[in-house]
């Protein structure tokens, strides 16, 4: 039984080495991205950056900040998430409590998964086409509408998965007590699923706030904070994009800072959703 | 059914006995029926949405199809909207170049990482990896773009391209007149990193469907881990792995901002990985604002969106079906 | 009695909980040794230390020695795949590999490159299918997927797959617990035949099966071996009170 170095042992060693190397490369690129964003962004990040709107000559390197984009992004993603929630919660509940594993449910799930995969630029183009058709200009409302479309499949499928993981006994126990399916859906399922639903909402919000291609034509860009739904709205991803495209180093510095702000928001959401779902799952049956 | 009937019969008695007032069974049943119908209609939404998006883009694409044949548009190499020349080939070629380079760079390390996680890593490492992948997937594409501009483009332009020209210059694929790092390779690298968390997560989920007993059955006759992976694990999960990679590829295909920021955006048919390219999503994003003034321009751009959509839809439906069958659930 | 496996001062830990406590036993060559005891007593854990399967689980630690023919299988320079080649395992339920019946039996032989020609492989596959009594049942469909077999046939196929790499020891981890009574009987009869040539160690939770199979018995309780010895002695005259209680059906 003494170890002899046969070919298969050498192959095993090589493959394991390659796997470890790949793992290191993947983990390393994450580290590299975060490092670049932080190391470039932090020096340029000032309080003015996040507390002021752009003043005259901002895009030439003069005074001001990106508050317009921060607020705009929060409006856009917040609105999109709210609207998406209005549709996705019923769909997710209906999929499970009414349809179960019936074939139609599978088609809806397939449709949602396919929607999830549609590029955001296509959503943007579609949204803009619709807006042209009804004579609407680039506005907060338009951006919210497109982000709703973008977030709907993400939120619905994420919720669907948590709901499906609900123990079947719980649903049956509720049905056995004389509840009908609507009551099961609204009272039992939502309570049991609250952490998962919160996670799904935050996931969709994170996607919405980070997406640039869909709001490029639909929300427009402005230096002011939008006052009504029909005003155009700036967004952080586009602020990064436009500032990076300017030929002045000072403005490019600000692009890095804006990218850092965006990254912090998105990572905070991602970590926050983990924390919240951990906190909320006290009464959840596992 | 019969149980429900019994309950209905009992209900009036219960009320006579003076139970506290609450919604009668009849009204609860009505509620249920109304809610059921409303919910059913809402459930139609996703399906309707796909049809609607496809139809809307097709309709807007239609005007230019009346002037030129689809083949003319797809195979034409000259893009001069002012002169009415709409050749999509440079953009289609650019899209595929960037996607293929990106997927090609991403797949080997991603599959190996997923294999490492599912076959070798300790439970603690796995538990750590999941949130890490979620984080990577959550980073917005613009941030990947910034990273590309700051780190990848200079690296490709100043280091990689000259080195490749010197050592591999005799192969046309590795040499180019493009003096900058804004290139297919830069776009490919950024895409590879962007789709990596997705491919790893899907592949890992697929690999996890192989039962531990099956692995042990192979190990029990004295197979090494890698022999087990090759003969059992990969053999059983191949369709799912392929589907995951294809899904990752469609993500890459449609990615706009990050690629747009690093590929250079020159409408030419690329010949080398160091050439600039101009993928379809970048074309749409860059020109949408100005399209209204030129005849047929918007039809051409929405046509680009339509083509993108159709390619993505076809690949997505097939690979989604494969994955749904294997996993029976959402995979990311 | 000639010992084939000697266990010396063996301790096993899952994380911080100790699941095997200072085990010292000897397992006789070419006999059936049955490990029995109440559930959770460490029977399966002990069995899995013999083919080093315990280390597949995270956070397990093993101290002590398991000597096979006087060689400690936990020594540094021992090749774990050779250990497993030499010590076959029949699992709790059959796991046919996702390939044809023929390939299932040939799998281990291919892995170890044990034969030189296709013809030799074919002969060997036929031989082991005959040994396990499957050949007549499957000879016309050797190339069909192994999953098409009945569960009892699958378990015999798994036995054939294990035998094909020419082990000296066969471990059985409650090998009949997933089977119907007739298939169980089939497996038991096979094990009784095979003890002419192999050392067999079986974990079982049914006393009756233990009585049918055992030449030698190990009784475990809470991670310790309370009693071991020739079957007749232990069954007729248990030395330990708990063993007696178990045999009388009180545990």
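Labels A, B and C are assigned to the chains in the order they are written; within every chain, residues are numbered from 1.
We adopt the following convention: a contact is a pair of C-beta atoms (placed from the backbone, for glycine too) under 8 Å apart; a residue touches a chain by one contact, two chains touch by 3 or more.
Note that the structure is predicted; figures quoted are calculated from it, not measured.
Student: Point out which chain occupies the most central position, where each centre is the mean of Cα atoms.
Tutor: Checking distances from each chain centre to the full centroid gives B.
Student: By mean C-alpha position, what chain is farthest away from chain C?
Tutor: Result for the farthest chain: A.
Student: With chain centres taken as the means of their Cα atoms, state the distance from chain A to chain B in Å.
Tutor: The separation of the two C-alpha centroids amounts to 15 Å.
Student: Quick one: report the Å distance separating chain A from chain C, using the average Cα coordinate of each chain.
Tutor: 52
Student: Return the distance between the CA-based centres of chain B and chain C, expressed in whole Å.
Tutor: Here chain B and chain C have centroids separated by 48 Å.
Student: For chain C, what residues touch not just one other chain but two or more?
Tutor: Residues 81-83, 86, 111.
Student: Could you check chain B for residues that touch two or more other chains and list them?
Tutor: Answer for chain B, listing residues that touch two or more other chains: 224, 227.
Student: Please list all residues of chain A that touch 2 or more other chains.
Tutor: Expected reply: 8-9.
Student: Touching chain A in the complex: which residues of chain B?
Tutor: Touching chain A from chain B are residues 7, 28-29, 31-32, 35-36, 38-40, 42-43, 45-47, 49-50, 53, 56-57, 60, 108-110, 112-113, 115-117, 120, 131-132, 134-136, 138-147, 149-151, 193, 196, 200, 224-227, 229, 247, 250-251, 253-257, 261, 281, 284-285, 288-289, 301-302, 305, 308-309, 312-313, 316-317, 320-321, 324, 329-330.
Student: Within the complex, which stretch of chain A touches chain B?
Tutor: Its residues touching chain B are 8-9, 11-12, 15-16, 18-23, 25-27, 29-30, 32-33, 36-37, 40, 87, 90-91, 93-95, 98-99, 104, 106-115, 117-126, 128-130, 149, 152-153, 156-158, 160-161, 164, 178, 180-183, 206-207, 209-213, 216-217, 237-238, 240-241, 244, 255-256, 259, 262-263, 266-267, 269-271, 274.
Student: Can you check the complex and tell me which residues of chain C touch chain B?
Tutor: Touching chain B: residues 51, 53, 56, 58-59, 81-86, 88-89, 91, 93, 95-99, 107-108, 111-112, 158, 161-162, 164-165 of chain C.
Student: Could you pull out which chain B residues touch chain C in their complex?
Tutor: 122-124, 211, 213-214, 216-224, 227, 231-232, 235-236
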